[in-house]
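Given below, in the form of structure tokens, are the structures.
Look for chain A in each of the two complexes below; its partner is chain B in the first and chain C in the second.
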Partner chain A sequence: MRQTVVVIGGGPAGLAAADAALDRGAAVVLLESAPRLGGQFWRHPTDRSATDTSLQHNWNAFVAMADRVGSDPSATVITSAQAWAIDHDHGQGDAAFGVQAAVGSADGPSREMITVRGHALIIATGAHDRTLPFPGWDLPGVVTGGAAQAMAKAEGIAVGQRVVVAGAGPFLLPVAASLAAVGARVIGVLEASSRRQVVSGWLPQSPWLAAKAPELAGYATYLARHRIPYRTGLAVTRAHGNDSVRGITVSRIDSDWRPVPGTAEYLDVDAVCVSHGFTPRLELAIAAGCALGADRFVAVDAAQRTSVPNVFCAGEPTGIGGSDVALAEGRIAGHVAAGGAITDTQLRPAVRRRRLLRRLTGAIRDAHRIGPGWTSWLTDDTVICRCEETSYGALRSTLIATRTTGLRPAKLTTRAGLGPCQGRICGRTVEELMTDLASTDGGADQRSDGVIIDRRPIASPVRFSELTAQARVVGTHEQMDTQEEDR
Partner chain B sequence: MTDELQLIFNGERLTARRGQSIAGALLASGRRSWRTTAAGRLPRGLFCGIGVCFDCLVTVNGVRDIRACQRPATEGDVVETQDETLPLRRTEKSR
Partner chain C sequence: MPRPSDVIVVGAGIVGAACAYALSRAGFVVTVIEAKAAASGTSGQGEGNILVSDRGPGAELVLAQYSLTRWDRIEQELAEYLPTGFPELEYELKGGVVVATTEAGAESLLAFAGTQRPAGVTAIELDHDGALALEPHLNPEVTAAVHYPQDAQVQPVIATEALLAAARTLGAATIFGEQVVGALRGPGPTITGVRTDRDEYPASQVIIACGPWSAQVAETLGSWLPVRPRRGVLLVTTRMPHKIFHKVYDADYVGAVVSDDHGLQTSSVIESTAAGTVLVGSSRRQSGFDQSLDLHAVREIARKAITIFPFLADASVMRVYGGLRPFMPDHLPVIGPDPLVSGLWHATGHEGAGISLSLGTGDLITSLITGSTSPVDPRPYAPARLPRPDTVEVPA
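Here is the complex of A and B:
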């Protein structure tokens, strides 16, 4: 019988997965939460021609995949589809999952509810920016790099007129380039890692650099042409302003990211874009029952199979690696999910690229790893949980007073992570601050209750009025019933 | 079909481009914040821009808690800032 492959996520990994599954003759249902395919990487206006393709790496690959998946009669593409839960039943063997999704304009109130079934599920949910808190980071005008990128690429809007891009990692470069392209004056890109860390992380990776050279050279040229300085070993340690950001304090930091006294400088800005890396979006993989590795990414084998039969994962949830890794992993997952084998000749290029890129992006990631000393730029009144407005001082004193070592009681006593974002922004930070506290006690780097912030059975808010509607079944419902009778 | 559409934001007319998000339309009009937090009564606007942080929530056509960065603007949308501090008083007033 023909395989139906369900793909969650229409970014590089999900599109490659859908493309490969179609190549192998499967039917595909692709769910994308945004109104348009492309994910966070290929963001573009409604009218694709309006996109400045010089800022869209691998744009032709996107157009080819999106057009193919969009026009193939074996593919059902559902955009504006927010997957909010995954039901699974290990007892039933094949096709024992149902993806619950709300389809329509975010966030309701009258979206259509669907349940998507198939023989295999590919989770390609991507990642979001990790931004470490600092005093004043809750002021309007302080945004993530991803926010600046999304507004610039998809809407042609600059988040400010006079902007600093700061944090850690190669992602700062395209953010600065996109801002300059939409008319912002970028007065600097501030990388937290030292020049030595950056150089020793990047330079030995010559095969990777060779592969990435055109893209990197493109950004470097762009930055040079717009006279945007790239400075290393610096962090934004405070944002100033009343109703919105008016300036920032920038400090030199040591290799552990501890601010060096006496190095603070003040910069006039009306926006600052800060990203210190990425957090994988794990909730749907966890909801599907997939095991995580010790590194808190979805554990997969060589064929991108998770611990759950017929459930695959590709791209950032298996390890932050960027779009090229995601494309390779997506292709492998799609091919195998559609019944192919990892040893098939057509997968060789993807397998080779994945092996090379995974190793090398790991080295780059290490060069930009968050240093433990960052907590020393926090003040007692620094907001940690933006939703519940829990300050660092309140968090710390409550945890100490109640001797809380479990994440669940920590959330209940401090309210950090209880708000509408469900700890997506502060969760990893709260966990690290708890580790910090425990280590002064000789404690462990895991919470005593074994709870992690990434478990969110309801992956996105749904309205009661929407829940009461009967869900329409999409995918292989009938075939499944037949199959069960055959058994 | 024209490329522009009209919104009402807190009673004021606002022009948005078709395909634009409500957050994009608000930023383009020079606004930086459109929510007041519950405890600190502090202004918030765009932060993550990709639907993760829920900082940019607005009320659209009478429905609360819509992520402005994820909601495409449509003709005639009535957008209002959310007051997180007074849900009870709001309910009493509207009844």
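Here is the complex of A and C:
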């Protein structure tokens, strides 16, 4: 019987997975939360004349895959589909899992509820960028690099006229380039890691640099042409303004990211884009029962299989690596999920590419790793949880008073992480602050409940009326086939 | 080796915390040992119900009524022991409204309320208009309702942390992240402390307060307890304007609480929290320690909630909690000395009423250990009431 492969996520990993599964002859159901394919990485210009896709890395590869998946009669592409839960339907004897999704505009009056079933599931949910809090980061005009880039790519709009791009990691470069391309004056790219850290992370990676050379050269040219300085060892430690950001304080930081006294400088800006790396979107993988490794990424084997039979994971949830790794992993997952073997000839390029890139991107990631000293730029009135408006001072005094050792009790006593975003923005920060407090103020010595912020059995909000609506079944409904022999 | 304790409490849920607080206040040297963190099991996964409305006359109601008098004073009492900056318990005597939407449901609800009044429960009968006056957004098809002004609510995690913090102020030690793996034994069937995965803790008495996990811990310590997990699911909405003013539940709830059915049972329990979210329960199912998302239960809870409050149809669920209640086959908590092992005590089996009964349980067990007058007759809760299976051997 023909395999049905369900893919969650229409970014690089998910598209490559769908493409490879179709190549192998499977039927594919692809769920994408946005109205169009591409994920966070590839953004469709709303008005094609207004923006330029030349800054979108691998745009042609995207167009080829999206066209193929979109037109293949064996593929069902469902956009605007919010996968909100995964259940296992132990009792039913059908496919092993059911992906529950709501289809339609999230704010719209009526979404259609669907249950997607198949023989194999590929989770390619990507990541969102992480911003460490600093005083004033909740002012309008302070945005994540991802948000700024999305606006630039899709709308052709710059978040401000005078902009600083700050944080850590290679992602700052395309953000700055996108902003410059839509007319913003980017007065600097401020990298938190020191020059030495950056150089020692990047330089030995010559194969990676060679592979990435055209892309990097593109950004470098852009930055140079727009006279955008790239400075290292600096962090935005405060945003100033009343109704919106008017300026920022930038401080030199040491290798632990602790601000060096006396180095603060004031910069006049009307927007600042800050990203300190990425947080994988893990909730659906966790809901599917996939085990995580000690590094808090989904544990996968060489064929991208998770700990759950017939469930695969590809791209950022298995380790932040960027779009090229995601493309390779997606291809492997799609091929194997469709009944192929990891040793098949057509997978060789992907397997080789993944091996090389995973090692190298790991070194780059280490070079931009968040230093523990960042907490020293917080003030008592710095908001930590923006949904529940929990300040650092309140969080700290509650954690010290309760001496709680669990993340759950910490959330329920401070309210941090309980709001609409369910800790997607502040969760990892709260975890780190608990650890930090333990070492400085005699708080809890460890988190002992084993709870992590990424566990969200309901992955996106769903209405009561939607919960009670009859869900339409999409995908296969047949008995599981015995495709295991092939693997 | 850690300091010798008078009493070790295994488990830092609300019941363990209440025992630790009551014993510390009575002058005992107490050590709490918890495998995970405070309120990381059942206590952190419920609504924080403090109810008298869901019980007919009997021993559990007596303990609930006594506990209610303790809850009423607890915030004031704890203030003396809590460090500054401690969050408020969000204790609120908000009252419960039990609603029937059919004629048959109305009849049995009113009959049940009639049995509660002689036992001291305030149960005010409401007609259709009276019910809508208290809860204007109720389904207008409500046929009858009973108002229970004695029902209250507390934020259970903060309450647990507060009791533990107060116990610490009174000298108790709290150990988190250590699992009890065995008993220290004296001569004969006597326990003289516990071994954890890291250390040995000598003590004169050991109390097991591990909720649904108490059966395993009892076995580890050489005894036996027939407590089983009974699963529940709770939905949390996004914040919304305040439209629900009491604990509102449907008349089926009482039936579900006292049922022995292993299958899924749902009945509505709906209330607003201080934070502006609405908590919507409840379900009961005996399915072992499985904690995966029970979507069938979630859908049933949603369906019933809309019947009580139609406006909830447009509300969004942003989070679900799943928890395990400690279920006893005879629906009574187990509070008192272990009949097999001298020095071993039990404080569990409260099913869904652990928050409510915790303060009474702490006082009761303290009175039994000191030999002072008990606040309520301890006999109905005695572990010795349980028929012991033949396979359990008395440790030599």
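In the analysis below, the second predicted complex is superposed on the first by the 457 of 487 C-alpha atoms of A that agree within 3 Å, B and C clash if a C-alpha of one lies under 4 Å from a C-alpha of the other, contacts with A are read in each partner's own complex, and residues count from 1 in each chain.
Throughout what follows, a residue touches a chain if its C-beta (ideal position, glycine included) is under 8 Å from a C-beta of that chain, and two chains touch if they have at least 3 such contacts.
The structure displayed is predicted, hence computed values, not measured ones.
Visitor: Just to be sure I read the superposition right, which of the two partners does A:Arg68 touch: chain B = first, chain C = second, or both, or neither?
Guide: It touches nothing on chain B or chain C.
Visitor: Quick check on the superposed pair: does A:Leu412 touch chain B, chain C, both, or neither? Answer first, second, both or neither.
Guide: second
Visitor: Looking at A:Arg162 after the superposition, I want to know if it touches chain B, chain C, both of them or none. Which is it: first, second, both, neither?
Guide: In the superposition, A:Arg162 touches no partner, neither chain B nor chain C.
Visitor: Name the contact category of A:Arg296: first (chain B only), second (chain C only), both, or neither.
Guide: neither
Visitor: Which of the two partners, first being chain B and second being chain C, lies in contact with A:Arg185: first, second, both, or neither?
Guide: neither
Visitor: Just chain B (first), just chain C (second), both, or neither: which does A:Pro420 touch?
Guide: Both partners, chain B and chain C.
Visitor: Which holds for A:Pro461: it touches chain B only (first), chain C only (second), both, or neither?
Guide: After superposing on A, A:Pro461 lies in contact with both chain B and chain C.
Visitor: Of the partners chain B and chain C, which touch A:His226 in the superposed model: first, second, both, neither?
Guide: Touch partners of A:His226: none, neither chain B nor chain C.
Visitor: Please work out whether A:Arg447 is in contact with chain B alone, chain C alone, both, or neither, and reply first, second, both or neither.
Guide: In the superposition, A:Arg447 contacts chain C only.
Visitor: Where on chain A do chain B and chain C both make contact?
Guide: In chain A, residues 388, 419-420, 461 are touched by chain B and also by chain C.
Visitor: Contact residues on chain C for chain A in the complex?
Guide: Touch residues, chain C against chain A: 34, 36-40, 44, 82-87, 155, 157-158, 160-161, 165, 168, 174, 176-177, 238-239, 275, 277, 292-293, 295, 298-299, 302-303, 305-306, 312-320, 322.
Visitor: Along chain A, where are the residues that touch chain B in the complex?
Guide: For this pair, the touching residues of chain A are 33-35, 40, 45-47, 105-109, 128-129, 138-144, 146-151, 154-155, 157, 159, 243-244, 386-389, 419-421, 424-425, 461.
Visitor: State the interface residues of chain A toward chain C in the complex, per the touch definition above.
Guide: It comes out as residues 85-88, 100, 287, 289, 388, 397-398, 400-409, 412-415, 418-420, 422, 444, 446-451, 456-458, 461-465, 467-468.
Visitor: Applying the document's contact rule, which stretches of chain B touch chain A when the two form their complex?
Guide: Residue list for chain B touching chain A: 17-21, 23-24, 27-28, 32-33, 37-40, 42-55, 57, 63, 65-67, 69-72, 74.
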